[in-house]
Every structure is written in C-alpha cells, then in structure tokens.
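What follows is a set of notes on a single structure, which appears directly below.
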C-alpha cells in the first residue's frame, strides 16, 4: 500500500467516480484523534451492525493507525485485505464487501462484511429423496462450496475461482478432486470459462452452454445436480464440478448420457432393487419415445404390428375421428406439452380448476365429441408419464417423441429405424472432454456397465469408471484383498 | 477419427457380418445348392476367413494402411489409383445389398406399397455416417452386437419349433458342380474380408488379436450357418420362394398367439443392425475416395450417397437383372477385389514399422 | 460448417413436416382398411374361375366389431377377386390378419395350387394361415352360425386349433406346410375337411345319443372288444360323432364331453368380433344371425382330405384321422373308447392315451423297402359307463391288458387303412418318397415311382399302462 499521505475524502471521491449508483453509501466517522474514516458499501448487501461493532467502534476508540497493517490489527474483522486498485475496490463493494478509507492511508481495506438474504438449505423439489440426504444447494456459491467441502473434507478438493460476465461479474468455482479428476479436463474447462465473454450469467445453464462442445445439440451438454451428496459422488467418480454464484444447480463434466439414469436412491437401496429401477428407467424412456411412433406407424403402414384383438379395438375407437392417426397423436402430444408448461407456471389456486378442465375437457369430452380416440389419449398419457422416470431427460425426450411421431407419420416404421440410426451415429461420435457420450455402451467399457446397465453391489464397484481416465482408479479397498493399481 | 479397436472389429465380424446375409442370400444359395447350401456357405466362409487371417497377419507385421503399403511399393500415384478402383468396387458392392434392403423394407414394414420416398431418407443417414469416419463404424459395432444377439437369438428360437433339419438331407445330394456354383454366384455377399482389410493400419494390433478376430469371425459364420440350416429346415422345398428370409421364419410361432406378431419387433431390431451394416461399404468407399483425392469426407460422402440414391431410383424395378448381373456375371470382379488383391498385399513392401 | 448442417437439418425437417401434414403419398390407413379374417374360395358356378367370399371384420364406432361376408363371383383368378372386393366394399382389403383360407369342395377336383397360387405369390398374405376344405361351398360355410355367437371364421379357426390337433381330433395344416408337401418329392398333402351341421338336426333322433357311448357303432354281437370311438362305417354318409362332441361342448357346460375331455379347450380367446351381423356386399351375412331355422350350426373337422399333386385323393374319416394324427402329426394325446363284454354286458371304457413315442422309419430289407410305424402310448381309463366299485375307481390308472390290446389292434387297422387308401390313390401322405430321397438317396431313382406299391408296411403299436 502506498505510504503517501492521502485524505479520505480524495479516495471516496475517486471511488464514487466509479460507483455512481445511488445505493452505494458512505459511512463516515473519526478515530479518537480525529482522523477521518469512511466505509463505502452497498446498501442492503452489507452487515451494518458488524460494520459498527467491529469496524467503527474499535477505530473510534484508538488513535489513527499509521498504515494498513496497523489498521487491520485494530479491526476485529476476519476477512480483511488491502487494495490499492480502485476498480477492484469497486468490484468488492459491488460484491457486498466494505471499502474502508482512513485519512493518511492510501488505498483501502476491503472488509468481508457481506450479508445478503439467502434462502434456507432445503431439499430440492426436483430431486426428492425417499431415503438419503435431503440438503440441496442454494443460490450462494460460498454456501454451496461449504456444503461440498463438508462432504469432501480432503485437501485434494480443489477449486479454481473464476469470474465471468462483463456486467454481472458472476463468481464461478471449478471444483475437482486432485488426482481423481483428469487434469486435462479441468484445464480445458477452466480455459473455456475464462474465454466466456458475455454481459451476464443469470444461471449455471449459461455456463453449460459455453462449455458444450456441440452447442446446437439436442442432448444436454453437462450433467446437473442440486444435491451436494450427488455432486460429491460424481466428483469421486472423476468428474469436475462447476458451481455458479446465483444458481442452485451445479454442473458436472464430462457428461455421459447414462448418468441421468442413475438415481441417488440407487446407492442407498439394495442392488437388486436399484437394478430393477434402472431397467424401469431405460424402459420408461424407450416407451416414452417409441410408443407414440409405433402406434402411428402401425396404424398407417403396418397393421400387423397390432394384435388382431387390439387392432379391432383401436379400429372401433377411431371411427369418425377427423384427423389421421399421425396428426391426432401429434396434436395430443402438443396439448400435453402445453399442459405441462401451463401447470408449471400457473398459480396454485387455479391449478385444481385447470386440472379438471385438462382432464375432463381435453380428455373425456374430446373423446366423446369424436375429436380424438381414447386409445390415442392412453398412448399419449403413457408416454407422458413414462418420460418422468428420468426427469433430467424430459426435455430431450419430449422433443424426440414429437420428432419420432412426425417421422412415423411420414415414413413409417423404417423412418423410425432410420431416425434411431441417425441419433445413434450422432451419439456414438459425440465425445465431450475426452469422454464418449454413449459410454460405456459405445465404446463398450465392460467394467463400467456395472453401474449403468445394472447396479452392482457396493463392493463390486471398487474401481472408478474407466471412462474418466483419472490417475487414481481405486475407490474401495476390501480388507485382505490385493488391489491393482492401488493409489490413494 | 479413423481409428478402430480390435474389439470393435470382432463385433463387426460377429454381428454385422451375419446381418448382411439374411435377406436374399439364402434364397440365392438354395437356388443352386438346394439342401447342400451349408457346403456352399462353408466354402465361401473358408475363403473369406483366409482374407481376415491375412489381414491380421499383415497387421501384426506392419502398422501401415493398405494405402501406405501400396505407396511404399509402387508410389503414391499408384496407391491413389488402386484406392479409386476400390472406391468403385465398394460403391458397386453396396448397391445390391441396398436394393435387397429396400425390398425387405417394402415387404416387411409396409402393407401398402409406398413410393421410394420411404427409403430415400436412408441415404441421408448413410451420408451422415460417412462423414463420421471409421470411429463410427467401431462404436456402432459396439451397439450392434447386443442388438444382433438379442434379436437373432429370439428369431431363431421362434423358428426352431418349425424347423425340420432332416430337410438338409441327403448330404451331398446335389452335384458338387452346383454347390461350387452356389458358392461362386454368392461371392458378392462375402466382401466383409475386404472391409476388414481396409481397417488395416487403423487399429492397434494387440496381444492375441488374431485369435480374437478369427474367433469372432467363426462365431459370425456359425450364426449364419445356423440361420441357413434353420431356414432350410423351415421351408425345405419352398425355400427358394422365401425372399427376405429372416422375416419369414419366426412368424409361424407367433401368428396364432394372442400377442400377435411380436417377432416383428425383433425383426425391426435386426433391420436396424442391417442399416448399420449397409452403411459400412459406403463409408469405406468414401474413405477410399478421400484417400485417393486427398479431400475431406463431406463432399465425397454427399456425392456417393446421392449417386447411390440415384441408382436406387433408376434400378427400382430392375432388382432381378441387377442380382443376375452381380451374382452370375460380375463374380470375378468380387474375386479380384475382395480376395486376390488383398491376398497380393502380402507381397507388398512393408518397410519399417512406424512408431 | 455449422451453417451447412443447420441448413441441411432445416431442409430435412421441412420436407418431413410437408410429408407429415400432407399425409397423402399412397398410404391407406386403418380407417379405410377392411380387415379380412377369412377367405372362402369356390369354383365358379359357371365352371370357370372362382367365387371368392371374404369375411371382413368391420369395427363399429362403439368399439365392438361386426363382420360381414362379401362375395365376388366369376373372378378369373383369386387375385382379381381380391381387387374386386375393393370395388364391392369401397374399402381397401388387407389380408394380413387373414387366418383362414377355406376351399370349396369343388375346387379340390382340380389342382388346388391353381387357387392357392395367389397366396404363395403375394407377400400381403401370410402363409401361416390355416387352410381347409369344406363340404359344399365355402360361402355357405361362412353363412353358418356358431352357437356361441362367434362368427363362422372364428368358430372354424377354433375347431382347427392347435389344441384340437394335439388331441388328434383334427389334422390341421397351414398354407406353408401344405405348400411344402405339394412341392416336395412326395407331392402329397392333407387338409382338414370341414362340414357343418344344424344344431337342431344333430340333436334329433338316434344321433342324439351320447358320443362316447358309441352311437352308430358297429357293435359285434360276440362281444369282441371294439375300439368304438365313433361309427366305424366308412363312407360319405357316415356321420362322424365328433360333431356331437362339439355341439355338446358348446351348448352344455356339464356335457359328457367336457367331463371326459377336460384337456380339450380352445386356448385362444374368441376372435373379438361382435356377432352383430351386417350384410356386406353380394353374399353378406354373418355375426349373430342363426341359420334359416333359427338354429345355430356346428362345425366339425374330424375328416381329413388327402391330396396328390394338388388334387383330392381320398377322404379319411374320423377314426382314420385320429390314427393318422397319432402316427404323423403333433398329436400328443388322444381319447378313445373300447367296448368290452363283461359278464354279458357291454361296457365302454374311455381311454386317455398319452403318446410317448412316435417314429416312422423307411429301410431296406433284402433289397426291398420296409416302412415301419413305431407308436407307444401310456393309457389310462378316463371313464367307463358302469358304476364301478370304489376299488375299481382307485385303480383307474391300471388298464386291463385285454383293453390295451383291443385299442392297439384298432389303431393298427386304422393306420393301415390310411396307408392303403392313400397309396391306392397315389398319395404319399406319410412322405415315403421324401424319406427315400433324404435317407436312401442312392436308391431314390430306382424306387421313386414304385415305392408305394412295393413297400412293406409294419405297425408296432404298443399301449401300456401303470403296472
């Protein structure tokens, strides 16, 4: 810090020239010997009580300190650092900290007195646990980092603290476990975040888009979670975590398509139950995507796909329906999406009324009016419900099933197969951060199937997934068992 | 981009190779070899197995690609010419299976005859696959194997109750000349060895790779032979009428069940594997064009796919003529490109092993 | 590059949406499709071409279906008739769910493959469909009414079920297998022969006797054991009593048939076609309507027609059909009656026979062909028309040697009769020529033309019971 005597007034002026906003306030007071002091802070983001108690009162009782070090000793604030650059001072003030100026001391002391209103740590609504931890991330990055640190109390948990967003100056933390995560992946992520040039980052999904190797892709570019236990588990497998200030959703990389089929619950229940759940999830997504398409193509192109008795039932129910089977299901799926969109946004007090309208008017009455067939409604409902067996893929599945219905209605079963082939060609060649998206199926990594296709017992999962290529491969040692590649 | 693993070559031979032989091939074979069709098939498999073995032998001795081997011996220009010729060969080799697949699709997936428009999107998929290089072949083989095993096993199990294997008797009841003719006239279905040959230099030879690859090839052959035996067992004297054989064999078990034709879902699953298989010669063709002209795959892939589409349109009603041309007249072309030239590669200068 | 892919993608999506919303490129969807469940083919009345009757399931808007018969007359070919069906109904006929092809009796006078040719050529028809010959015309057969409100095709399909085949009641054949037999070196095959009988007719007079008690029985006064499941008198006018079986099965829940033959149950659900009749096209009738007298009709398929080179060669009666099934088809068990004289009183035993082995072998002995049947079965008494002692009932698994021998003798006679009658007509129903070709290829040329005449047939039929 410059030892050149500077007046507090000059410093405040310089800072206020940068921070012209009205909610930037100045709290002026004097030391015991009459030296002027001023604390610059953002209204509503600073703990004023602490400012008075731990900053103003000790200084008012002492003689003016001669330099910043003396001043810091005098104060009772644990987070205290010197800063001479007024631009950085401004950034700290905007972040909720206090810039303290004292007559005769150049620069400022930055005091960590940030205090903003935060919601409580609670269970995230999108991933409810029947058994297992219930805490979830909140919007504050420091809280989130502490939640993660609480679960991984190892010095190997490392963070790169970055800032992105020209206007928002959003804090981003790239967390990884040293030696477990692939170093190249970490560096690549850090580099990509550093290259972000955008005004603001309101949510972690923005960062996800910058990290995507194929931003136009229909499939998610990164894994997401709102739960510290899940994030910790993913990091222990070798993934890298990205926490973004202002977002309760943490991102993970590299992302594999199969990880969305793994539920936190799987690891707390028996492997048999978990394997059945996995199968149901795979089947649910399969059903959700393909059932409407096969229903349409069977009616339009291949009646043999339907058992004779079912064919007659369908045939009877669609008599007089004005739309072709393809259009009928296409519009029904659109209605389903509209209902979902509306139900997410509608106020709770009208939700019940609208549910009744949705169920009765759009369902029963539409069938009675001969606008749609009851079998099409059943197919739509089954497909809609089945998609929610894997909530993280609902967006993708919704788009895919409409695409499949269009293809089935235009080209038939072969079209469905061709679209499947196209998607598979796309997925098998989609590598992100060195990990193939469709691993461990393509390329086949037999060892990793133990926790994807089915869930093996805890003791069988003694190795970390091979696909992430971390140096430390072993995550579980059994007493008396010799471990290959054993590294801690 | 153009790397493939030994495991994936194994899967290609075990799953994708048999899938190409389950439509018109059995009928064509039966036409000449009748109940001795297994002998004809065995002759072909032995020959093709030789090419696969040769490829592995070369892979053990050199890390060079075929292009580099020719270039090393005769120079770059010759290598480009040979690759251009092979591009033409694979283009031609892809044509008949394409037409087969089209007829299969029209028969099995549609009840009302649609226009060619139903098959046209295949060429877009093919184009997309060609742009993706050999890596996609390998990884698709990873996907194809479980699909093939599941669908093939179910379809064969459904066919077994209706198969009378006694129909394969008498052994050697058909004159040897006809059996050999059956082999010769079906040589166009045995280009998988040539495809594997073009993977040379694109995979790392690992310990016991030859054993793994040849075992996988044997597994693929066993699947085809089992299929052929059951096929003839189910249809016997009317086998020659049963085009798209794989779609015909299992229906007798499912037709009268309350669930109906559930076998169709497994046939569709196998059809997906066939789509992957169908793309491979076109992918290798595009690879050859790229190496020959030194260009990126995008434009060649588009041109090759478009040309195949055009030819499919043009030959829409000429399947029999095309089949006769390929099986009975152009067999020597297949012998030269799929067998003789790969065998001659053993004589090429291998030079020093690249690091 | 990204732009290029985006454009390609946009073009593909645009094209697809155009196809999807225009929805007009040759497809015919379910709403415009007539689902043909059975086809009946008769020789045209004027002697040339065919009269084809299609039984079509037409689902009603309520969800329940109905069926109607549509007849096309004097078509040159079956294919032409199918095309004309479209004109008759205005609906596009789909044959993918056609499970039955019924040939009128007159069609069998010529090579039936002149008729069936259409089905072998056409991929739109599954060759897994059942094929049968009917008494009279197929059209009349389709107009008959099942007593359980099935439409006729459904009722006939049930009569030809694989369960019936397994119990030896009918000899079922599907198109593929019939074609295989026709195109094999044996050139011989068989089809079940369907006849229909009015329920009222079948209930009246002597014919109303309980089936297994042996009505129309050629009972021998000397009380020799007679295997008398049905009438033993052959000929066209013989009334196989299996029709009675069926009638009772369908009309009475506690019928003797059901009691005795509990394993015989149609497994499949009835075709879900409502019995509500709709007159369709020229010859339409179907569904619930009873026949002219207001009574239901009974379908019976216990006879079997043999074919040689596609033409009818012989008609096996019910006993011969059962014997043939025991020797050559998938039949796994069968019921049969044996009447014995016990203390001067004829007692009929119903035997249930479970086939444990069936083998046919063609071999050469002294240079001459020998054909052997080796059939083994375990028999048990299923019922007897006497009030037995409780000890007798307790020994129900034990069958007296005399009864077993009688049954063996009966089957032997019937089997030889099948062989003799078929061979006399040139029909190689046991595929001897095929066996010769496959297993004795060296002797094929020498014996292929004379095999049926020169072969010596030996039957080894052994029935055993718990001892």
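For reference, chains read A, B and C in written order, and residue numbers begin at 1 within each chain.
Heads up, the rule we're going with is that a contact is a pair of C-beta atoms (placed from the backbone, for glycine too) under 8 Å apart; a residue touches a chain by one contact, two chains touch by 3 or more.
This is a predicted model, so every value here is computed, not measured.
More C-beta pairs touch across one of A-B and B-C than the other; that pair is A-B. Closest to the middle of the protein, by Cα centroid, lies chain B.
The greatest centre-to-centre distance from chain A, using averaged C-alpha positions, is reached by C.
Our note on geometry: chain A versus chain C, Cα centroid distance of 66 Å, whole angstroms.
Chain geometry summary: the mean Cα position of chain B and that of chain C are 43 Å apart.
Along chain A, residues 301, 303-304, 308-309, 411-412 each make contact with two or more other chains.
Among the residues of chain B, those touching two or more other chains are numbered 111-112, 114, 117, 121, 124, 258. Touching of two or more other chains is recorded for residues 19, 27, 94, 96, 269 of chain C. Those residues of chain C that touch chain B in the shared complex are 12, 19, 25-28, 92, 94, 96, 99, 120, 123-124, 126, 128-129, 162, 174, 176, 179-180, 183-185, 268-269, 437-439, 441.
Contact residues on chain B toward chain A in their complex (touch as defined above): 5, 7-8, 11, 105, 109-112, 114, 117-119, 121-122, 124-125, 128-129, 132-133, 135-136, 138-140, 142-143, 145, 258-261, 264, 268, 271-272, 275-276. Put simply, chain B touches chain C in their complex at residues 107, 111-115, 117, 121, 124, 166-167, 169-170, 173, 235-238, 241, 251-252, 255-256, 258. Interface residues of chain A, counted against chain B in their complex, comprise 301-310, 411-415, 417-418, 420-422, 424-426, 428-429, 436, 438, 441-444.
The part of chain A that touches chain C in the complex is made up of residues 216, 299-301, 303-304, 308-309, 311-321, 324-327, 330, 406-407, 409-412.
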